[in-house]
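Please go over the structures that come below.
Common to both upcoming complexes is chain A, partnered first by chain B, then by chain C.
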Partner chain A sequence: MDHAAAGPALRAPARPGARAGAKRRREAALAWLLLAPALAVFLLYRIIPLGWNAILSLQEWSPFKPAVWVGLDHYREMLTEDPTFWEALANTLWFTASAPVGIAIALGIALLVNTDVRGRDVYRTFVFISYPLMTVAVGIIWRWMLDERVGLFNYALRSVGLIEQPIPFLQSFELALPSVIVANIWQIVGFYMIILLTGLQTIPRNLYEAAAIDGASARQQFFRITLPLLRPSLFLCFVIGVMSSFTSFDLVYVMTNGGPGHSSELLVTYLYKAGFEMTRFDYAAALTVVQFALLVALTWIGNKASGGDAGAVERG
Partner chain B sequence: MKRPPAWPIHAALCVVSFFMLLPFYWVLKTSLTGENIFAYPPSLLPVAPHPFFYVDVWYYIPFVRYFLNSVIVSAMVVAANVILNAMAAYALTRGFRGRKLVILLLLSCMMIPFQTTLIPAYLLTGKLGILNTYLGLALPMFSTIVCIFVFKASFDAVPRSLVDAARIDGLAEWRIIWKIMLPLSTSAVATNVILSFIWSWNNFLWPLVVTRDPLLQTLPLGLARFLSYHENTTGALYAFCILVLAPGILLFLLAQKEFIRGLTSGATKG
Partner chain C sequence: MKTPRPWLAAALAVLALALAAGPAAAQKKLSFLTWNISDQKDLFDLWIAEFRKLRPDVEVEWLDKKGPEWPAFYQTQVVAGTPPDIINTQGGLWLEYAAAGGLADLTPYLKKDADVRARFNADYLANWTYDGKNYMLPFYVNKTLLFYNKTMFKEAGLAGPPKSFDELVQYAQKMSKGDKSGFLTMNFDWLYWPLFKMNGVELLTPDLKKAAFNTPQAVKVVEALAKATQGGGINKIAWTGRWVEPNGAFAAGNVGMLHAHSPAFFFVRGQAPWINPDTLGAVNAPGGWATPNSHGLGISKGSKNPDIAWEFLKMVTSDKWTLEFSNRRKVLTGNVKSDTATIAAMRKDDPLAAQVLQTQLEQTDKLTGNWRIAVDSRVKEAFYPELQNALLGRKTAKEALDEAERKVNRALARQ
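Right after this comes the complex of A and B.
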């Protein structure tokens, strides 16, 4: 496949070397021509920005002012003088740490849907439907669910008598971030479920039959067969969870805008604010470099831990 | 083998479905009654539903304008994705020097989520002079690496002899893509359309950064703006929300299989 042969018709001519050479050059030119538009998009919006970020992070620059090299000043400021950066980083890592919770819930649902229960397709639809929806709208829905005065959550908790006073979920320093995380899990759990379901369906049934004959309990079957064979799917979910926590913006922007204070600030919302509200593009670039480095490191660890097969499902 | 009873599974799945659907119900109810915006306790069932909040949406905000902007940008993105990705994927099914390098480059570009390019992407778009234009909104999403590989996998499955025969018959390369490759790859085309549509339709951060003109704003921006003006003082916000969600939900229900397959194949795209 890699050395796709020029068709058999091309090898026949009298002077094979010259003809084939010209042909190959034409083929290559055509291939590059076809690739050019797509590569141009990636060059403009992936590769150049990556380098630009790195350069900008080492400069003192703002629009209409000449750039001055300042070395690692922005990084020093970030690490030593900017508590907001550390808060945003910690929050992002909490967001990442919540991924296993979502994955565990999704695994439970996937196991239930994977039985031959009637109406499983309907249940699957119900669980999945929130995933492809507009996150801004999802944020507004959850703001309303968690509203302090008349939100459904507070109403339910008060009716059951769990709390006396309504809880201001999104205005509270302790609960703002967990609230956003709950909304995020609600939206993404269906996606995890589908990935795990695909993984479950690749496990051969006769393994379970053989185990049952040997007298293995349902518990043993789960821990000895299901979990080990599901490992690639589980790690793929985790990589997606990491990605989503390092790129999540819409939910926080709509639900809390990082507040109160910076208690639900994430790296992306913070770099957005640094760049477009405080017009410190240079500092925002430095934040981006750190964010990107962390993301690459975490994904790499995830891949290593899974034995390098975390990407197997989507490339299969 | 003894089959376990089905009812506990049904019960568990019903509880799960309840929690997944409850938020939709709650917002729909508010958009139809609005009575519980200030009232406590909120009523659980809609009391005296009316459509007036939906009428409000019509008068408060240029809903049609937002909607059209979203449609225009998404149409540009979807068309560009199908064309550019098919071209690139076709090139990758051919043998040429540097092919492996291109694939390696694409795979590493996949690791760069758009959010980490935000600042330079904005500055670059300014340099190109297309801030505040439809093109500026759509251009960064014109091609998607995952979708190139979806096409490539599908093109690789087309028999080599068919392509060779077409070439001997003198078919131009672009016609081979158009007349042979694409018709034989309908499911890859569907994946491309659905993925690029969802990403552009739901995209919020990039339009937020790149548009200044209110007349160029897309639906998610309009929604966020409306929220910042009115907070949650009016049922119109929730009517707006429902109007924004309804097309997506309908589309999803109509093409569920394609959606699920498409989204799982695009799994690692940030």
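Right after this comes the complex of A and C.
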């Protein structure tokens, strides 16, 4: 082959490729340029504080004193000397475990209001209405509803003769945390429902029609069509549920302040107390690192459990 | 060579003058951070106006934060290097700041201005000392007392308020019936501690280095309180509620006694039309022991103008302004002259309020629950949840006190 003769002929088709490469680079530069403000904010308000928090967790520090390096001392204290940490951790995991319960309830409601039932828009609104309420307001409402002496629940239970003595929901070691969990589910279930309803409405009707023609029962249709196709929505609900459980500060703070004892203490309320009530920002930072690691682990498990690609973006 | 343009030369000259004159002519600035007292804006405006007359070169900025926000706000300001010059804190929060070197020592100022020291009730002023140094001045003062519902006392056949802890528990049980309970106490900031102190129980050793409360007597006290709580004599809200719940329950007229500090009276009366001198009594708790929950005024160590801040404090704690403050807010200020005048005037207009406030000036040598330890909040957090465990039936008194002792000693060891 005459390479000298072939040279110009080989170089000629390279020009459109080079142009395409340059175009891709320009597009990438533009994309980064457009992303830059958001990334800068993310870096400034998320990544840098996160890194600083991790460093702080290895120091002895207060606003009035210079920092002293103490290595893993706070973690050692947390794991070996602080029973409150373990109680708060167990409560946080219980609280998180309630997320699937809320999602299951929301799925049931979403399935109901997805049918052609009369007045379904009204039902949807009623279920959703609790979500936009301020969490502090939700906490106050539930605190009074569960009050031992003047609460609606005790009044109703006594009126129908189910109990003789009022139940001290929020003063009880056994019932304080479940009471807060119920309030949390009540508030968030409407939001889950909207997500799942949107997911349900994207499932093509013809799949159900084809399944019905093939003789699939309603149960089979639910398990073979609805649930698999709802997986991304369910995963989204799970992630939101886990995050909201881990950060459910206001509800606990207003309803029980973590008590009685530490029976409804969550990691998030405990780290607030450590930082702002006990002025132990360093120890609070260590608690935050542990909470962050747990949150990442739970989200990873959730993703794996839903097939490993539930959060993936589909490519066109 | 080009000659400079005239307008540029003029601008440069003006800039140079401004730079030279700027620092000299600049206003000094004081910032003043208060704790949940935004209702007194009018009074603070008057203070600021008066101070401007004394010091026209000083601008005063007033900020107010609600209780839960206050520590977070102050601490972030300290970290940022811009702490408010003057701060108003409540309870024992100041101790950590003082111990960590965050507050200016006011002792030299009080030595220099002996008339300022003489203004105050010595016991209330001494409440703000740490390690022998005075870090704050009283802003408004209060301590716990015992309110009792005279109607419920009559119904239970009780002649007058209890004179001992045992009587208090007995009376509480006697008044407990159906929806009615006999006793409630506030539980934040050691306000319940007089119940232990009246039984001779000490929280810490005299050197404040170790827990001292785990004694047979303390076990007896906790057992008695737990038994009364389980039996309904003591309302459970006493150990779980914060401010609104216990006050609200007492205001409903279904609780025989309320152990709280004096501001509770005004809150309760606002909700309870049944309250008048014939139906409500106010006395010192058995033994005369009381926990102060006063508000103080201090100067941040990081203040750039501590001397001016002291001038401001001198002005606002003067007889004139403390009397004005007392009249507007129905509080005592620790200033002996104005507190005496306030109560004298109140006896005519509002005898019940006068009776309540009078208790705040009595037996001020029997203040408890105000240990001068840098880790006050950590000790509180170590002790109270364990006490709750015992009082609400999760642990025995001995188990709870054993665990509390371990936790308190650990907190003390880490200071």
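In the analysis below, the second predicted complex is superposed on the first by the 264 of 316 C-alpha atoms of A that agree within 3 Å, B and C clash if a C-alpha of one lies under 4 Å from a C-alpha of the other, contacts with A are read in each partner's own complex, and residues count from 1 in each chain.
Note that contacts are C-beta pairs under 8 Å (C-beta built on N, C-alpha and C of every residue); 3 or more make two chains touch, one makes a residue touch a chain.
These numbers come from a predicted model, not from an experiment.
Asker: Of the partners chain B and chain C, which touch A:Thr125 in the superposed model: first, second, both, neither?
Answerer: Touch partner of A:Thr125: chain B, not chain C.
Asker: With both complexes overlaid on chain A, does A:Ala38 touch chain B (first), chain C (second), both or neither?
Answerer: first
Asker: If you stack the two complexes on chain A, which partner ends up touching A:Val160: first (chain B), second (chain C), both, or neither?
Answerer: Neither chain B nor chain C is touched by A:Val160.
Asker: Report the partner of chain A that touches more of its residues: chain B or chain C.
Answerer: B
Asker: In the superposed arrangement, what residues of chain A touch both chain B and chain C?
Answerer: 149, 276, 281
Asker: Mind listing the chain A positions that touch chain C in their complex?
Answerer: 62-65, 81, 84, 148-149, 168, 170-173, 256-257, 259-262, 273, 276-281
Asker: Applying the document's contact rule, which stretches of chain A touch chain B when the two form their complex?
Answerer: Chain A reaches chain B through residues 1-9, 24, 27-28, 30-35, 37-39, 41-42, 44-50, 52-53, 56, 109, 112-113, 115, 117-119, 123, 125-137, 140-145, 147, 149-150, 152, 155, 159, 186, 190-191, 194-195, 198, 209, 212, 236, 239-240, 243-244, 246-247, 249-250, 253-254, 268, 271-272, 275-276, 281, 284-285, 288, 291-292, 295-296, 299, 311, 313-315.
Asker: So in the complex, the part of chain B that touches chain A is made up of which residues?
Answerer: 1, 6, 9-10, 12-13, 16-17, 19-24, 26-27, 30, 36-42, 84-85, 87-88, 90-100, 102, 105-106, 109, 111-124, 139-140, 142-143, 145-146, 148-149, 156, 160, 164, 167-168, 173, 198, 201-202, 204-205, 209, 219-220, 223-224, 227, 232, 237-238, 241, 244-245, 248-249, 252-253, 256, 259-260, 263-268, 270
Asker: In their complex, what parts of chain C are in touch with chain A?
Answerer: 71-72, 75-76, 78-79, 96-97, 100-102, 179, 236-237, 239-240, 242, 249, 252, 254, 301, 375, 377-378, 381, 385-386, 388-389, 392, 394, 410
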